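Per-chain residue numbering starts at 1, and chain names A, B and C are given in the order in which the chains are listed.
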Amino acid sequence: MADYMLEIKNLTRRFKIGGMILGKSILAVDDVSISLPKDKTWIMSVVGESGSGKTTLARMILKLLEPSSGKIFIDGIPLSYYSKKDHRKEFYKKVQPIFQNPFSTFSMRKTVDTYLYETALNLDIARTRDEATEHIRDILHSVGLEFEQVTGKYPNQFSGGELQRISIARALITKPALIIADEPVAMIDASLRMNIVNLFKKLRNEFNVNFVYVTHDLSTAYYVSDFIATMYRGNLIEFGPAKELLSRPSHPYTELLLDSIPKVGVKWDREIILPDIETKEYSAKGCKFAARCQYAKDVCHKNSPPVTTLEEGHKILCFKYCGYKI
Amino acid sequence: MKNWNLQLKIGVFILAIFLIFGVILPLFYTGNPIEWGKFPKNLKPSSAHIFGTTNLGQDTFWVLLKSIQNSFFIGLLVAFFATLIGVLLGMLSGFRGGILDRVITLIMDTFIVIPSLPILILLAGLLKGRASVLSISLVLIIFNWPWPARQVRAMALTLRERDFIDTALFSGESTFKIITREIFPFVTSWSLANFINTILVAIRTESGLAVIGMSSNEQATLGTMIYWAIQHQAMMAGRWWWIGSPVVAITLIFISLFLILSGSQQYSALRRGK
Amino acid sequence: MMRLNNLSARYNILTGYVNAVDNVSFEVMDNEIFGIAGESGCGKSTLLKVMYDLVSYPLEISDGSVEIGGKDSSGKAVILKTGEIKKSWWRNISYIPQGAMHVMNPVTKVDTQFYDAISKQNCNFNKKALRQEIINYLHELELPASVISAYPHQLSGGMKQRVIIALATFLNPGIVLADEPTTALDVVVQRGILTMLSRVQRKMKNSMVIVSHDMGVHYQITNRLGIMYAGQMIEIGPTEEIFSTPRHPYTQMLINALPRIGDLNQKEGIPGTPPSLKNPPPGCRFAARCPKATDLCRVKQPEVFQINDRHQASCHLLYDL
């Protein structure tokens, strides 16, 4: 039996951009290692700006993208095992996605229940259409929808929030071990986000599903996560239990993220430096955040920071926490 | 039909006339219209022979109708299979990518680059005018599937990136199902346009070959009709009905197909609210 | 400045009319940022389009009017109405539509996009001098100079949006309309864009109207705020006051739905969905979802109640006080 539910080891992904001759190679994901336990179900948020590599990471776990190097293990089994055609179905039963835009998750030309039935029948959850209907009815109920509301309708007949719930329902049909949600509430009104995010919590408890919640919104992440992983330009700059991360002093970038949430009651006071053109930042020497960091010293601009472990399971990639020494 | 624009109406009207004349009416004709020497030669149009007779002793009118029938047959056969093969291979190639894509693309590009006319002439020459309608059609299919394939492949390439394809993947859908159920609906209007266009190309190519005597001269197609007319100096002898009617027929068929094509484009644009 | 008088606008669809904007009246003063908040589908984007005079089939104005104050080509102050506003685009009023950064011309560089926009207003300009002006302006907006010769795909989402804002404010128009300027951008870039917008406004002392569904955004940069629900403006007032003492039940629920760091109480979103705008209910449109609704609310539409000379709301409950 494996010790970890999800194990990511030295995962790296390179992209070539620009032309064949003058193109640059950027490390979208650079040597990321994360281990998540098996004994309890968890929700891990992967937090970062756009361009941080969080979506690339999510797509690699979903096997929609191949890593340049490194390995991913789900419940002890390497993802390469599922590359074989016969094992593909097993994979889809274990891992399911939720995408950012509910309106592009479904084809406008099919009714949404078609997808629900297909998932149930293709992935051996039900043998007949009637069996599938029962199953689907229950799942829809768990996400707060009634079967009658959903059946026979096309995607454009639903609101964004409802459609996202249907997307979640579809992902739940196989009772997967792992659901990867890529910015699932980014396109939903701020006032309705908590509904969806609370749903994740409920499903984690009721269905024993682990969630990887990719987002740039730290406030919802804090509500719902057991673990938080922060990424910046491909590096995993901080990882640990959620409470730890937010109550103890944390990476200057996490501080910036926290501070930038438009809070009611506190106005932004400090001017911040916005990111530069991507290729420049990716190919910068030293700590990639140094150019925007208010605590940066000389060593930060010249060398890559080492991993420092603060407390139990809380690790950070920053010179500030190891005395600015290499 | 109420929203059809003028182009579409005219195009369909002309096509309908040809279909009636070319497909339905010949069914009522007993005997073989292209039999030589059945009637006295070169009669002027009369009540017995609407367009007169040819130098081969055939009733021009019924030869024309039979020719229209065969030309349509070739056009539809070629268009159907070329579009079917082209669309399927194009979608497969664009969606799957990798080695399969490279191989299919190589084959596609080869056929596009090689000019079809010399090959067809070569083939016809080898068969010495005894090629059947079927074999000509086969060759035309082989040379015409890459065009829709290329376009459809490009569309599949962009569609592949869309989220709902990933959703279908995670719903356990097989490649074939994804291609036909998810990608194909986006490709239908393009396929239809290609289909109509291929009919045009097929008829045109066959007629072109026939006129230079490289088609199956035993069969009656619009092209072979022109061929025989030229062989018997119809133009110089002023036998306008014999040579004129197939030329006019081809022209009108082309015009009608073109009008249908552009008319239906306008129609679907109208439906989208432009 | 801008004034809306009993403005109503609707979409003419085959099966009837969708009344997207219903009897909206308010003023936007000079030198202020006015926010419009509300859920998706409440009509705020339509309202903005009508304000910008971007009215074409099937959208039509069914009642009321829009007036803006501007300058004509000689510099004299004039009042422009719908129909005339169109001729003044970029110069007296500019508009940043939702998702603007996605529709930048992908095959032209940033400098060409500027030239294209500006050439519509004055036909003779010195390209070289103009280019330097643009670079200076971009620098003020903290964009690197290299941006000017970049293609849109070389820029990140946040940078594209900043370029769009630069384009919209370059000719210093009196009114800038922005529809969800930071949606789909991450929080840090959002903060940068919003602070940039308020900096630009403070410098140019013009009027800005910012539409967003995120109340947090409104708190940070707007001076006055209008809350829309189902096509109607249900509360208008100074931002501080609206957040400290929200009067309309919907406003209260909107503010409560925001998650706050450090506050672990279970937050709830607002249950239910807004009513259909094709056949709106007879009484108050929020009655079906309102926890404080009375029978009167379901039958009669509330009138505007002036809480003080700057704060108003449309709710029957206010009359009982």
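Quick note on the criterion: contacts are C-beta pairs under 8 Å (C-beta built on N, C-alpha and C of every residue); 3 or more make two chains touch, one makes a residue touch a chain.
Since the structure is predicted, the reported quantities are computational estimates derived from the model, not experimental observations.
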Counting contacting C-beta pairs, the top-scoring chain pair is A-C
Farthest chain from chain B by C-alpha centroid distance is chain C
Chain-centre distance (mean CA atoms) for chain B and chain C, in whole Å, is 55
For the pair chain A and chain C, the C-alpha centroid-to-centroid distance in angstrom is 31
Here the gap between chain A and chain B, centre to centre from mean Cα coordinates and rounded to Å, is 52
Among chain A residues, those touching two or more other chains are none
As the complex stands, chain C meets chain A at residues 39-41, 142, 144, 146-147, 150, 154-159, 162, 183-192, 194-195, 213-217, 219-220, 243, 253-255, 257-261, 264, 266-270, 273
Touching chain A in the complex, chain B uses residues 162-164, 166-173, 181-182, 185
Listed in rising order, chain A residues that touch chain B in their complex are 62, 64, 89, 92, 96-97, 99, 101, 104-107, 109-110, 115, 118-119, 121-123, 167, 170-171
Chain A contacts chain C in the complex at 48-51, 159-160, 186-187, 189-195, 198, 216-220, 222-223, 246, 256-258, 260-265, 267-268, 271-278
